[in-house]
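After this come two complexes, each holding chain A, first together with chain B and then together with chain C.
Right, the complex of A and B next:
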């Protein structure tokens, strides 16, 4: 088990590194840069642009920029090829590199530490993602069970058709629509934000949370009901279920003790997958609902070409993804003793 | 066993996830919202230059007449060009041009329509102060306001980045900074657009016009009760003028040779040579920071200097009470504000909303007191019972154009092609249809609201026949509805616009495409996300023939110089316009304070540029703002409505 985890960790670490390399390259290839926005400002001349480019270290080659992002610039030769202008004029401002857990400083937020910028927005994102997850489990699981038990009958069709229908429209668009109808016309939910200015009580926060979380849950809701229906049907056809029934066990006991327990396995994987999905979906939902989380930060930093923040979000997202999947693996071991990790025969 | 195989795929799935994220990131750019405009203009948006008193007949004159014959404007020309000094027209380094639109636009709304015509007024912007004169304020700044109370709920689509004026250039930050920092030794008079004393009680200009001395008001206090002195100004200047401190507009102070505090209340600024907008620029460049608080902190590092993101001691009308990033900011009245005491409204909140539509909905439902008004929802807004729409023609308006690539190798390099394109588009109809009456035509580089405006330039009224004739001169033949070049190929042009989220720009692009189709020209339209658009239009190696652009005009016409100088290719001068004569005339106009002479020069420039048609000039826009009826005391002028924000008050009976 331990060996397996170590093995996987190393493998994933390598993947993450590869990911950063690719992401960094792609970001750098995108047109524009952090100081592109001075281009149409008649009060900032070419001299200003050059000075800032030097100060931010954006005049260095991309490979040097990546290398210093990864390993820091404080130990590199003290010259403009290796160090940013900031670092040369004030050694305290030298980056220490991601390998020493220094995510650097934001360009857009004028020198704020990237990690502070992100941590400030984490609670909002996690609140929304968890709320969505809970709603999708509460909605999706019963639906899946219900559909499986009524397989081929009307309720099953209704569930299937309606989930397909809901899936044909982008969920963020649905969210926008609901926002305009429920918030704009009917005034039932607030139009934006996480709390009313000057309020912020639990009730107020729940009121702001309900619509974004519900819309965010649609994906999981559909996903869960499908997975569960499929797995339930598979298990229902197993011999031991027939045996259980033949034994004369109550249908309820059969379903709960024998079918559901076995059908739930893949569901656990799905769960973490959905959570990751909720995190990445946050980019859209947070934008639509003006939710002050990491997703919106991501949009802001992409628009502003704020490389340090983009990269940090990427690394954190990737890390959480890997961690989530690893946890699932381990959970399997507990839920289903048949699963063995050691590859030794 | 099956499960294990499944598990083994997990790393692959992880890798795919990571890749997908990277791709989403890359594409994300395309799908995202319009960024805040790159440049903001301060005077309009900022509450720092509020002011209610029409101090138009400046004390300037009294002082001046005794000394020289000089008080009024015309005198200057007769005398020495060099010593005449013009107070009025100067404008502000920071209030520059902007290529943007909706985002900058103040919203607007309402049932009773309040429109301010400023065309005549800007004519007045030319009071001349002369070298050797002293100007003293006659404004009463000590009588307090009297309508205290209430809360104003503002909305904005972009949050501030920081309260550090010398690090930011975005409009969101500028709005926040205006709440807490008082800047400006002088300010623009809201009626005459003259520069009048503000934080300085008086100022004088030396005989040679190169030394400016400002005498500060002695009653000004920081919010902690400490006096605001010349040393605060001097200290602030020393900080941002240090190249290591990353002030983005450092080049704007190149002409300043020294900035000194002579005593607690006297500031002396020297410049290297006569420069027309000098007075405006030297008086506006320092927004003092409290030296007694900031002195021991790092000027630019928010990690060690908490004052940058949560200033505890301020000079503006409001103090920051709470700021939650991407959510809201709450400001509370500063009891120690120097300008007529505390503002009327107790609490000022700014909520961040995702887009203009939501902002409008919030205003409509009464959740906020203000909201943006697009030409499309203007009619509805005027009918809203709880909302008043204020409208005005701003002194610094945004104008739009189609830039034509003048580089060799592009069809638009040929002046006849540029003329043909100008004739082929019905610019009047386009303006009416797209802007729904919320804009007027512009024919050269200054709108009608500028004092340098030249009404007598070629305007290329819509005339398809003349267009075809012009193309014929360039060697094209119009045949079977197609404009063919010498090789018999149809003329095809590429038009760029950005940001791709702008509906207004999309409408313009499609109209241009339609009009040019009528004369047989194929137009390929490409919409880009903002940063990509900036890069595409600021490259030495462009792949486009035309792009849609916009500038915010400036009160002093001279600031436009950079856009037309060869040095600014390809950044500001994206079309690569090169005319050394124009540059020489600009130089000449900038080296004097003689307004009449300058006007003549700028008019000459307008004629030359209109004739050469580097742009197809489209229109300049009216500004609008919607305000809840409970907000009283709003008086739109050419400076907009923000200039007297501290005098606004809340009608108690109507409070909901």
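Right, the complex of A and C next:
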């Protein structure tokens, strides 16, 4: 199993590296290049642009830029072909490469270190994602079980119809709608942000969290309940369930001990995409709810052509996605002792 | 899999003199579809949406009397004309709800009466005098932009489904036919690559960098290029069992070309899945476009799409909820009809399947 996971990890990181290569290439193909954000600034002179280009090392060849962005420039030959102007003038300011968690400096945030900018916004995104996950599991799992046990009856139909209805609109639009009604009209929830300025109490934070987390959970909620309903129905038809019932076990024991344990596996698979989904979702939900997290930072950086932040978020997002996939692989081995990755070819 | 037999209609066996009309597969599908009232209603709704978007220029000229790009800066974020009197009262009502004294329900009769009077005036006012669903942040008529936006959103839906399907079918057939060979591995690697990068981030970078991807065709191209993996994986799984069947072996034995085997012998076996997924893909693409345009990296102004109509609402969505509601309801009606038609088709394409 260890071998399988190491194999998967290597495979995935190779793919992630390929992804960075593609994204980097695409950005270099951009009309205007990374310094394009200065086009909007009427006070920027040609000399300024030249100075910045040299300072950020954008005058080097693209392959060198990519290489130093990936591995750092502090160990490369000390000449303008390899090092950026900033690094040559002050060796302390050399880039250390993304493999050492140095994503360079932001254009938009006035030269602040990119990793600082991102780390500052990470807790917001993780709080929202984690709260959404909890709500979607707490909501989706009982719903799926309930629908499966009442298959073909009214509760099942209600669950099915409502999931179809919810899926026919963008979930972030539902968020906007709820924000208008609950926040704007009734004043029950705050309209934006993560906390009232100057008030960082737990209650205030929860008050700000409740609506974004609930809306963010809709997708997972529906997904989980659907998977679980389907799997429960599969398992309920198995012979061992009939045996369990025939030997007089209480229905509760049958459902919890025999059915649910076997129906839970695909549900765990459904969890694997959760990080990528949470991150992708964060872009829209954080925009809707003005949530100060990584998703909104991404949109800000894209609109400001802040290339280092954009690339860093892309790489970190991919890394988290892979982490999620791997975690589920490991979880699988724990939940189901029958899973042996080495023998299963 | 259990053996499927097509039950002959009852009357045939009772009346041997009558000519037996054989029920073809597509005949059975059509018969089942026509009997399905929900699907037919959904189809009518979908066709209605297509019709009003196709007729958008005519409707805008002759019924509404507004141009989708005509700005009027004196009328920014104005409420619907018929609600000019009642909207402030409704806002008053919501304000009382936020206060301590509780909602002032007594305002409602007035709100209803004013709205009704406004609606009557609007109805009699003729084209160009009534903004049925208010105006946006540049004073443009929201309803006009809504039906014009459908032209772009629906087109994107259809384009994306077409591109993703063609790619997905070819890739799925290839990896199903050449399972466990180099071609299959390469296709799987590409699918894995797309699965391990944060795709939405990637799409946003692409759209922000290349203006081409913000045109309707470019955006569909981008969504289609990255949207084929699901269908390809599904087909590959389905084809796994089909490629082992005798008739595939037989056609290979008589020297049929690979393409003939793939498209004449394997594809028809999975055509029903492809049709259903293509239909669901249209809905998915409409929703994806709305998301990208809402973020400001999709269809750019002055064109209207259901997504970018909401982008202008960012600062004013509570004071002008019609900016959010209108495109959302357009999306809702369209995707609802698509989902229901897709659902009905899924049942109908399996005519031998009894309703569960």
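Definition applied: the second predicted complex is superposed on the first by the 326 of 345 C-alpha atoms of A that agree within 3 Å, B and C clash if a C-alpha of one lies under 4 Å from a C-alpha of the other, contacts with A are read in each partner's own complex, and residues count from 1 in each chain.
The rule is simple: a contact is a pair of C-beta atoms (placed from the backbone, for glycine too) under 8 Å apart; a residue touches a chain by one contact, two chains touch by 3 or more.
This one's a predicted model, so the numbers in the text were calculated from it and none came from an experiment.
Let's test your reading of the overlay: on chain A, do chain B and chain C clash or fit side by side?
On the shared chain A, the partners clash.
Would you sort A:186 into first (chain B), second (chain C), both or neither based on which partner it touches?
Touch status of A:186: second partner only.
Once the shared chain is lined up, is A:152 touching chain B (first), chain C (second), both, or neither of them?
second
Looking at chain A, does chain B or chain C touch a larger number of its residues?
Between chain B and chain C, B touches the greater number of residues in chain A.
So in the superposed three-chain picture, is A:23 touching just chain B, just chain C, both, or none of them (first/second/both/neither)?
In the superposed model, A:23 contacts both chain B and chain C.
Under the stated touch criterion, which partner chain does A:310 make contact with: chain B (first), chain C (second), both, or neither?
both
Which partner does A:126 reach: the first (chain B), the second (chain C), both, or neither?
The answer is neither, since A:126 touches no partner chain.
Touch test for A:170: chain B only (first), chain C only (second), both, or neither?
So A:170 only meets chain C here.
For A:66, select first, second, both or neither according to whether it touches chain B, chain C, the two together, or no partner.
The answer is neither, since A:66 touches no partner chain.
Should A:230 be classified as contacting the first partner (chain B), the second (chain C), both, or neither?
Neither partner.
Would you find which stretch of chain C runs into chain B in the superposed arrangement, from 1-9, 37-45 or 73-81?
73-81
Just which bits of chain A does chain B share with chain C as contact spots?
11-12, 15-16, 18-19, 23, 26-27, 29-31, 179-180, 183-184, 187, 191, 276, 280, 283, 287, 298-299, 302-303, 305, 310, 314, 317-318, 321-322, 325
Touching chain C in the complex: which residues of chain A?
So the residues of chain A touching chain C come out as 11-12, 15-16, 18-19, 23, 26-27, 29-31, 152, 164-165, 167-170, 172-173, 176-177, 179-180, 183-187, 191, 276, 279-280, 283-284, 287, 298-299, 302-303, 305, 310, 313-314, 317-318, 321-322, 325.
Provide the residue numbers of chain A that touch chain B in the complex, in ascending order.
8, 11-12, 15-16, 18-19, 22-23, 26-27, 29-33, 36-49, 51-52, 55, 85-86, 89-90, 93, 105, 108-113, 116, 120-121, 179-180, 183-184, 187, 190-195, 197-198, 265, 276, 280, 283, 287-290, 292, 296-299, 302-305, 310, 314, 317-318, 321-322, 325, 328-329, 332, 336, 338-340
Using the touch definition up top, name the residues of chain B that touch chain A in the complex.
Touching chain A from chain B are residues 3-4, 7, 10-11, 13-15, 17-19, 21-26, 28-29, 32-33, 35, 38-39, 93-94, 96-99, 153, 161-162, 164, 167-169, 243-244, 246, 248-252, 300-303, 308-309, 324-328, 330, 349, 351-354, 358, 361-362, 365, 367, 529-532, 534-538, 559-560, 562-563, 567-568, 571-572.
If we count contacts the way the header does, which residues on chain C are in touch with chain A in the complex?
It is residues 94, 97-98, 189, 192-193, 196-202, 204-206, 208-211, 283, 287, 290-291, 294-297, 310, 313, 317-319, 321, 324-325, 328, 331-332, 335-336, 339-340, 343, 356 of chain C that touch chain A.
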